[in-house]
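Below are the structure tokens for one structure; questions will follow.
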Amino acid sequence: MATEHEAIPAEDSALYGHELRLELLRLMLLHRLTEERVMALYRQGRISGSVYTGRGQEAVGAAAGLALGPDDVVAPLNRELGCHYARGVTPAQAFGNFLAKANGPTRGRDGNMHFGVPARGVFPLVSMLGDLCPLVVGAALAFKRRREPRVSMTFWGDGAMSVGDVHEGLNLAAVLHVPVVFVLQSNGYAYSTPTARQMLNPSMAERVTGGWGIPAETIDGTDAISSYTAIRAAVERARAGEGPQAVECISMRIDGHAAHDDGKYMDQDRRREYLERRDPIERLLARLRLDGADDDDLAAAQSSALAEVNAGLAEAESWPAPDPATLADGVYASPLG
Amino acid sequence: MAESTYLEAIRAGMVDAMRDDQRVFLIGEDVGHFGGPFGVSKGLIDEFGAERVIDTPIAEEGFIGAAFGAAWVGDRPIAELQFADFISCAFDSIVTIGAKTHWRSGIALPVVIRAPYGGGVRGGPFHSSCPEGFFAGTAGLKVVCPGTVEDAYGLLRSAIEDDDPVIYFEHKGLYRRLRGEQPSPETRTPIGRAHIARSGSDVTLIAYGAMVELALRVADQSTASCEVLDLRTVWPLDREAILSSLARTSRVCVLQEASESLGVAGHVLSLIAREGFELLDAAPVLVAAPDTPVPFAPELEDFYIPSVERVEAEIAGLLGY
Amino acid sequence: MATEHEAIPAEDSALYGHELRLELLRLMLLHRLTEERVMALYRQGRISGSVYTGRGQEAVGAAAGLALGPDDVVAPLNRELGCHYARGVTPAQAFGNFLAKANGPTRGRDGNMHFGVPARGVFPLVSMLGDLCPLVVGAALAFKRRREPRVSMTFWGDGAMSVGDVHEGLNLAAVLHVPVVFVLQSNGYAYSTPTARQMLNPSMAERVTGGWGIPAETIDGTDAISSYTAIRAAVERARAGEGPQAVECISMRIDGHAAHDDGKYMDQDRRREYLERRDPIERLLARLRLDGADDDDLAAAQSSALAEVNAGLAEAESWPAPDPATLADGVYASPLG
Amino acid sequence: MAESTYLEAIRAGMVDAMRDDQRVFLIGEDVGHFGGPFGVSKGLIDEFGAERVIDTPIAEEGFIGAAFGAAWVGDRPIAELQFADFISCAFDSIVTIGAKTHWRSGIALPVVIRAPYGGGVRGGPFHSSCPEGFFAGTAGLKVVCPGTVEDAYGLLRSAIEDDDPVIYFEHKGLYRRLRGEQPSPETRTPIGRAHIARSGSDVTLIAYGAMVELALRVADQSTASCEVLDLRTVWPLDREAILSSLARTSRVCVLQEASESLGVAGHVLSLIAREGFELLDAAPVLVAAPDTPVPFAPELEDFYIPSVERVEAEIAGLLGY
């Protein structure tokens, strides 16, 4: 079954050493395994609210996170857990948010992927799609005016592309010529709405270039290595003063929109194609095998990722629930007398 | 007589209105074959087709602005938000075009904005809020919050037939929990009129939305004779109904799911302070959520949302007066 | 002096009969003369608030208004008084709004160009730039779903192009494929901000096509006849079911942003060029003369326009001021109890 | 000692803050060489350059969102709106990111949003409004409305130094009309603290913004001893100051330029109803604009905006009690 997956092209892979490829693998595995755990906990009724997964898109978040430098900042959305991990966010922190624990990144105040870790330069997702676009443009503006060689990044999907804030942010970025990178997740659907019903020309890269004058490349979002190559290059162009950059990553949302959604409205042939032949983890594993990686090493990578996830879950489960008496703490950063 | 949930009553209200009036259509995100995030519009596209059940890209300001445009040329659109929280994204169009156009130029804009709101569903800060207070107080808008199955239907039909923009806040927590007799197609709930859901003589409990259920539960259990006034329309307020209930009970407790300083309690208490002062034997009290966003953790949200115990404690205080 | 103005190309002009050309002339003259009067009244302190003129852009509003059919609807901005006039709005109504009279279109509730005349299918301008874009898209959606052969139209400038609502409206129009026409007024400035500081690629037509997939033509906005040809064609394409259309009209805002603004930040050479060689009224007059129009006829056109404006002002001045007792009337269309 | 207008005090507040702290910059539409529609930022670009006085395209939600982003990475931006009315276009970013981020994640967002507001300038419905009420009541935001030259400077300096988002409503009508001693660079007005602008014993006039001037004029002319309480910060309210003034006078008239059901009077009266009930000898009264948009015609606007006469009539009523 795994073997059926199309291996990542050899020439791309050859650009990098084994370490980077293993790191991409590790991040994707952490992402996949965390979400599998989260779904199981959700079905057991131990996680409230809803659960959104990035299944089938793990390559993008991992590659984007690794493409950033230590002082860069990012505002991920909810299909990019691997980006959090690349920044040094821990599985315990992720589980702590899903489980609404007092020691989690939002102290139980927000749930699922709605969290950030300030110390890691990660801004917490807000649900209102589009809002994070002007936000990261502003961070990039600050870097530019302070002459700091730093870059900001955010992500959005084919659905969020329609929101007015995205237009305002893209145009500000272009006119102010700031070091920001936009990673566009073209995964076929916005909730139940296919990309073709979200925009007339489904190429977000063409739209971003034609509408706002921002250079944009389209790449295969199931290929962790070419995703890394393209996003890394965009980050470095931005850092070098070439202004805003965009990378459109084509993939498919394998699961429904969220845990409650079976996605039966989806194109099931395309879904099967991505599930059985274009799984980003399997595609990288296939490449590593063809490049002669030792099966034991690959097995070890998977079991250590699993161990890391299990340890994180165990730690998060040991944390207390938040104390209602603390609910109003921190409404203000400068409390009033 | 057939039974209906609150959600089914909303769907029936849309279906009956669309059957009665070709000018009525539904517009929003994923409202078509998917039926919306809560399935409220499930099946509508099969009966009315894609020209009257219109899926849009993600653009709240855009499709609500478009609804006003369709109303301008004679339609009576229903615009559905996936969650009321996202009404912040359409705020400008609502207060700028929706609220001011008829006063400025005599063009009526009969648009109903359906906004699924409220907590208790573990939605966290962005999927649980009660934003009615952002609009209550704005001249030109009408804001309704049905708290019963009958009003879910009756207020929706009245809102669709009303010539002004009406924001219809439907409570997510009541969708399937609240059951009642299936409203007849003639059912209309007059906009701007509160309703005495329970009459009593010791204290008036003023409530709306999901707090009506809570107030009635308190009234059932209480040794005091509680009058429950269901505002139904939270803007503009039914001044007479509020003051005449106070005249009867001379004690009042305002219940609100929204945080203390949002919602409509401020308007109600401001009215009471100015016009009900002499009617009262005790200072009015408020039971509302604290002034924070809606928390996600069950331990926090259960503390956050007003409870029977908190209302009972306030009533005890009022009567011990 | 008039003779220095570049005549409108002969071939464009030859497409139409004398009547249409005279009608364009009449509308532009009414626009120009009304605003000259309004400025004079403002300087005398008889008009409150502020005054925005369309000087140098008269061709666009006149052409766009004439391009619409009787059942079409339009939401003009504040440089398009000629569009109101083309729809049958009267000078008395315009003056009545500037002078805040009880019989004016907003009954003194709003001022300057903030008015509409429902009976003429004209929606009242709202200041919040961008808001009118989704609005006219919704009107077009209604026409489409009711299978009425009607078109809606609005205008916006190089500044308003940056507003999120414009993005949401353009994308909705494209995806829903509705009969709407967007007339883009590229007049060089947004308040004090030159177009180049408002967007990276100053071609709004290229942006609208590249970003949203909406066909867009760029034309000379000081040429009333080619403006009419292009906008009329766009209206008819929209009516024929070809979906949203855009026409970008290049001109220059001759006056400052508003009466209080001397526009000294503007490119004075370009301003002089437009003032002395590209005045839309003079350009049409020059063409009419070259086509052998009788000077007396042209003089008559001007004096009758002046007479119409003077009569409108006199009528508006005779109207009473609004009565404060009526202030709250009409807050609601369905008053409560 | 040198004199300053209200407008000059705002400009001086920006200049001094930008001299003292490199993290402070100004962003908005036409704020650079043009100096903004009212010239408030005139000259700043000459001293601080285009990297600290940043012109943006027309995108309120965009540049305010960008200001929050700059604050996230350590800057302290001042975002200028051309007219407060356009804050409706940035509503989502303010209540979603501005208000909730610190509570959710501990990231402070020190942004000051300068919003020129208020009527009496013949601006009509879209250039005269008082939108402070849309934000008063939202946890996580702070809202200030200076009513004096000293507070124009002192509240701006304090707002810039505050770690929370502060919406600073500067009154267009006071820009050049209000003159006073030029505030010293040390001047700070504490956020969250009201100020007794005039002490008195018969009645408390609670006011903010341009209504402070009106209240003082009434106090000067009145035969009654009027205490004028200038709220200065309209959200969160200074509970103690309001209640202790009521304890002294036991009569209160709330003044508000905003229409009756917007603004902050509802919050003040709600507080008074719940916590000041026993302190009062008479029902509190409100003088505010009617619930309509701001009209353009001078005849209408002069009737619309609260006047000395209306306040005097209410005071007479209160004392005749």
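Labels A, B, C and D are assigned to the chains in the order they are written; within every chain, residues are numbered from 1.
Everything that follows uses one rule, which is that a residue touches a chain if its C-beta (ideal position, glycine included) is under 8 Å from a C-beta of that chain, and two chains touch if they have at least 3 such contacts.
Everything numeric here is computed off the predicted structure, so don't read it as measured data.
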Ignoring chain C, what connected groups of chains are left? one piece
So, comparing C-alpha centroids, which chain is the farthest one from chain D? A
A student comparing A-D to A-B should find more C-beta pairs in contact for A-D
Could you give the separation in Å between the centres of chain A and chain C, each centre being the mean of its C-alpha atoms? 46
Where the CA atoms of chain A average out and where those of chain D average out, how many Å apart are those spots? 41
Rounded to a whole Å, what is the gap between the Cα centroids of chain C and chain D? 37
Multi-chain contacts in chain C, i.e. residues touching at least two other chains, fall at 106, 109-110, 114, 126, 128, 130, 162-165, 168, 171, 175, 197-199, 331
Quick check on chain D: which residues sit in contact with 2+ other chains? 57, 59, 61-62, 88-89, 92, 96, 100, 103-104, 125-126, 139-140, 291-293
Graph shape for the chains shown, where an edge means the two chains touch. Line, ring, star, complete, or other? complete
Which residues, counting only chain D, touch chain A once they are in their complex? 25, 51-52, 54, 56-57, 59, 61-75, 77, 92-93, 96-97, 100-110, 139-140, 142, 162-164, 190-193, 236
State the interface residues of chain C toward chain D in the complex, per the touch definition above. 48-49, 100, 106, 108-112, 114, 126-130, 159-160, 162-164, 190-193, 197-199, 265, 321-324, 327-328, 331
Contacts from chain C onto chain B in the complex sit at residues 73, 105-106, 109-110, 114-116, 118, 123-124, 126, 128, 131, 133-143, 145-146, 150, 152, 164-165, 168-169, 171-172, 175-176, 330-334, 336-337
Chain C contacts chain A in the complex at 130, 162-168, 171, 174-175, 197-201, 206-214
Give the list of chain D residues in touch with chain B in this complex. 88-89, 91-92, 95-96, 99-100, 103-104, 125-126, 133-134, 136-140, 235, 259, 261-262, 265-267, 269-270, 272-275, 277-278, 280, 282-286, 291-293
